[in-house]
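In the two complexes that follow, chain A is the common piece, with chain B as its partner first and chain C second.
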Partner chain A sequence: MTQQKPKIAFFDFASCEGCQLTVIDSLQTNLELLNAVEIVNFREAMSEKGQDYQIAFIEGSCSRKSDEARLQAIREQADIVVALGACAHLGGVNAVRNRQPLEDVRTYVYGNKADWYETYPARPISQVITVDATIPGCPIDRDEFIASVKMLLQGRIPKLPETPLCVECKLLENQCVYTMGKVCLGPIVRAGCKAICPSFGDGCEGCRGLVSEPNMESLKQVMAEHGMADQDISHKLDLFLTYQMMNLENEEPK
Partner chain B sequence: MTGTTLTPDIAIDVHHITRVEGHGNIVVDVEKGELKRCELQIVEAPRFFEAMLRGRPYGQASHLTSRICGICAVGHATTSLRATETALGVELSEQTILLRKLNFYGEILDSHILHVYMLVAPDFLGVGSVIPLATSAPDVVLRALRMKKLSGDICAVIAGRHTHPIAMTVGGFTHFPTMEKLEQLRERLEAVRADVDETVALFQTLQIPDFERETEHIALHKPDEYAFIDGVIKSTDSGEWPLDRYLEVTNEYMVPHSTAKRARNQREAYAVGAMARVNVNYDLLHPKAKEAAVALGLKPVCHNPYMISVAQVVEIVHAIEDSIVLTDALLKRGVEWEEPAPPARLSGEGVGSCEVPRGILFHHYKIEDGLIVGANGVIPTTQNLQNAEEDMRALVPTILDRSQEEITLALEMLVRAYDPCISCSTHLLDVRFE
Partner chain C sequence: MGFRVMPKSAFPGWVEQMLQTYRVVGPRKIRDRYMFDEVNSPGDLDLTYSTTVLPPKKVLLPQHEELLSFDLESGKMEAAIDTQPTVLLGVHTCDLHAIRLLDAVFEDGYADQHYIARRQNVLLVSLECLSPCTEKSFCKSMGTLSVTEGYDLHLTDLGDSYAIDIGSERGQALLELTENAQPATDADYSRLNQTLSDKWPRFPYRLESDITELANLLAVSYDSDLWEELGEKCLGCGSCTIVCPTCYCFNVIDEVDFSLNAGSRIRQWDGCTLSQFAVVAGGHNFRSTNQERQRHRFFRKGKYQMEAYGLVGCVGCGRCAEACLVDINPVDTFNELSRRRIPMTRRHKEVLP
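Take a look at the complex of A and B:
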């Protein structure tokens, strides 16, 4: 008798589906993984739908009350729930609007038809259900996804790196973007993306989330040394990290 | 409306159509042979990008808006940059224009290959996804993956990655490809021609359903090239509009059964996308792409929506050939490190437009003292929705003699042909610049 392959499923909530696409792309060079698992639900790529999965990957933020029941149903079925990407992990760009009054956001986009569309402040899925593992990033990193899946298949839970991005960036011998007059969140953001943004000449925007004890003071010091204003950094922090920053500031979503 | 008495009642409710980007439902009700209800519903959670842009520094807009859609990330970023650059009077260098075009082709190829091989071909080959094809037709799948990898690598070499581009910025780039990387791309582009020929050959063997409904097709147009970035808006019915009059063309409105908006111009609906581009700009296709169009029986003006996938194959040929031309030009002139071109002013208003894989896209920003104070976007799927629904309405009465399963498949294939990227269609509305 052949051993049963683990069944895995993908689900999406408010997202751009870029993380699911990155999953498809990661298979380009890891086709053997398709033999090790059975994908029972991947709406973007297949018609068949199965409901007997063990590992569920969830992309996207929870952004309306009616999504909560769908999330809970997935939680009940799956042994392991994995947050896939910044939208699911952090709230990501979906939470940018949380700083604006909800009614104002709705009428700005949908005018006098705003009531037709249900919504509430966007949040990470961990605010609704228990999450066992996270693959961070916007989008996720292909190699990290493959490595995490392999660990999960061995029954282990992948851990997120705790070192700040600067460490990774300096090992790569990148020119620090502060010396080019750009803002970078590297000192307070979790490493693991091969410092791809600084490597391509742009400051880190924090899509992988803050390290557990972010040293905001040292960041502010770096900023001040390079003659940058607090406002420059708040705009950066409010791209992927709005939800976390509002929590740190104890600010309620409007 | 005609109906047959053989199948008096049909109720189709496809919840969350698969193999499309995002969440959509098809609802069809036929009672006593008469079509009562025919809806393409978008049920995606709204994401409110226009509101998110308010108060942001203009330099962040392209990074934020690329997150509207993972497939069209480069398309949204490029359109966003063009809107900002128009608003602030930024003049681009020749090198920037060449690199942006090549990067853009990377995404057109990536999206078209994903769509024709992984999302559409399974229908024709009678399977539910590309995964069983990996064992039944491995050469087809490996070819698709090879072509897709090259497309993604084009974007990675130029802007760091396809989803989401890093090095694209207002006025230019923050990183530049080496000659060595460009030479490698050039070699792979040349080598992939064999795969492109095979793709055309594969589509020659597929039975494309025979169905036509005359409609208006709208695409960007330039006099001297097959337009993907900038141009004027052109219709197959008649008329040309400059970009800043896009609202006269799109005329958006909403219906209660869908979180996406809809558009209409001179008829009850219009179509955008690969087919519209081929219909509007056929003469400007690369000669090899025209050869492929002839081989595949695609003649402008074509009104069969199932032929959209064929138009995408024709564009794959065009994009590969033109990418070779662009890479040659870059290799010949060399690529130098360049500061981004500076803005002439920090306040202004501008419209940017590109032909992203699924059709014409508009971004419209108003900027004051470097901050965005008003934003509007009109995406291709919005413009196609009503047209797809009109197609469904015309198609259903002609296939009522089939089984409910066959009707459902025909409708799903129709919707998939439009390649609706529903994730980004769930936003937008009144342009109100306060």
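Take a look at the complex of A and C:
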């Protein structure tokens, strides 16, 4: 059976490119992937650029007007668009600014050069273009990346895991961090990272996003009972989840 | 078959002998918690353990288990059957009762060859509990604080020795690996009886009704307001069903290699408290709320299993109670239902003119 290898491309928007580094990392242990696909655009790993690709992996949030045209151009070219990592999926840490007045944020970051830089509230790329699949996480999990690519090659669309992190954490027989006086967003966050933070004794910060039916009120109550002030709870939920939280609260970015 | 007594000083040597022929799995302390894990030397074992995060069920039904491997190119398909001879050591009696339920479930109807192959090659060495493992346990109420069958060997700690009850010929053969297990003397018997009679008062009864009442209690509580209250609190985190020794629901997925033609079929644990558990083809979720899922869970624990297999569906191990961040647990739930029970007289009045 001879078949043309699908061409894949990577693009980055507002992000740290850590997810693309994880891709490179995952290639090292999965060299067969390079036989299965042809990478035509990958700034992190190569200099030549091809513009005919079928699968586009996009890292980063949409954080300024000019991003929109670039996203749309990718969408037009690609058969399949995959959001890669928390920034593309959720707006990521970039969306923390959405709760603050934009002018203040610009001045804080760029000082007296604020006017030189265009910016607006950070958004998941799905708010600008149709996204076919998402690989969540900050950074992404390399095994999940490989599994997702295999599914795409099979013509299937990988779905976001619906199980909460607690399931994965318990399967690994971790001691719950709540019993160590820490708090954790595990009950409302999607599994798939091998519960890496609780496995190292830290609470989950929510980088993989909310499950589709999070019981926010009950978890806030649990965190409060574990000694967290309301404001600290909000901060905890706003590290990776600002965009989702503002949506749940029907809040508009300032 | 009668009791044997083995001095504790001989125990490590016996385990050494087992390790020559068997994989030995038992309670180990790893950082701050205990877990059932393979032991490499007798010193790895800690039979003074309280409870474990996951029950020993994971030895018979691993969290992530290959069921078969396939290669579509060659058309080859092969079932993965694990027959490794294993000694599962230090199983508390609640967990032994749970394994009896799993046996009944997996042998029923279309027997599960993977489970059965493992089960046939696992020797169960159980251990009598002499004080409650945690404050959340309620084994005494569920009738699981002792066992009379289902084990190959059963150990009771007599201080400087173990009393060992032989439950099967396989157990007898395992015990013959040591020369230090002697038939119990009259003095041993009286020590054993004393130990056992001393232990019972240490355990509280926590269930306010009798277990034989539970099925009926649940039957009249289907429309209780309590389900809504539990549904509001429940985080849907799934921890309670994952840690439960009598839960056995699973999901099956295929994992392929880069040829996309070959791979493995994998079984992994699932649980009815998870939001997507009851989603069927077409996307319909026939238990779409936490409230319905909690009700279903407790009906399994208190009614359905008893009716299907004549065995308790909850063995009172308290693991779910330890795991739940919002304090939902079987004993409080059953007690609350019992308090709220709609008196039959009132129900009758509703139907009778």
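Note that the second predicted complex is superposed on the first by the 247 of 254 C-alpha atoms of A that agree within 3 Å, B and C clash if a C-alpha of one lies under 4 Å from a C-alpha of the other, contacts with A are read in each partner's own complex, and residues count from 1 in each chain.
Definition applied: a contact is a pair of C-beta atoms (placed from the backbone, for glycine too) under 8 Å apart; a residue touches a chain by one contact, two chains touch by 3 or more.
Owing to the predicted nature of the structure, the values given are computational and were not obtained by experimental measurement.
Partners chain B and chain C, once the complexes are superposed on chain A, both fit on it without clashing. In the superposition on chain A, contact is made by A:Gln100 with chain B only, not with chain C.
By the touch criterion defined above, A:Leu239 reaches chain B but does not reach chain C. Judged by the number of chain A residues each one touches, B leads among chain B and chain C. Of the two partner chains placed by superposition, only chain C is touched by A:Asn215; chain B is not. Vectors from the Cα centre of chain A to those of chain B and chain C enclose 110° in the overlay, to the nearest 10. Contacts of A:Val167 after superposition: chain C is touched, whereas chain B is not reached.
Of the two partner chains, neither chain B nor chain C is touched by A:Asn250. By the touch criterion defined above, A:Ile24 lies against chain B but remains apart from chain C after alignment on the C-alpha atoms of chain A.
Within the superposed three-chain model, A:Thr119 lies in touch with chain B and out of touch with chain C [touch as defined at top]. Here the smallest spacing between CA atoms of chain B and those of chain C, following superposition, is 9 Å. Residues 12-22, 24-25, 27-29, 31, 34, 39, 42-49, 60, 63-64, 67, 92-94, 96-97, 100, 104-106, 108-111, 113, 116-117, 119, 138-139, 196-197, 199-202, 205, 235, 239 of chain A touch chain B in their complex.
Against chain C, in their complex, chain A makes its touches with residues 30, 32-33, 35-36, 147, 150, 153-154, 162-164, 166-167, 170-171, 173-176, 178, 180, 186-188, 211-213, 215, 218-219, 221-222.
Taken together, the chain B residues at the contact with chain A in this complex read 16, 18-23, 44-48, 50-52, 54, 56-57, 60, 63-64, 67-71, 73, 114, 118-119, 122, 128-131, 134, 145, 148-149, 152, 159-161, 163-164, 166-167, 169, 173-175, 254, 256, 259, 423-424, 427-430, 432.
For chain C in complex with chain A, the residues that touch the partner chain are 31-33, 35, 52-54, 63-64, 232-239, 242-243, 255-258, 260, 269, 271, 274-276, 290, 323, 325-326.
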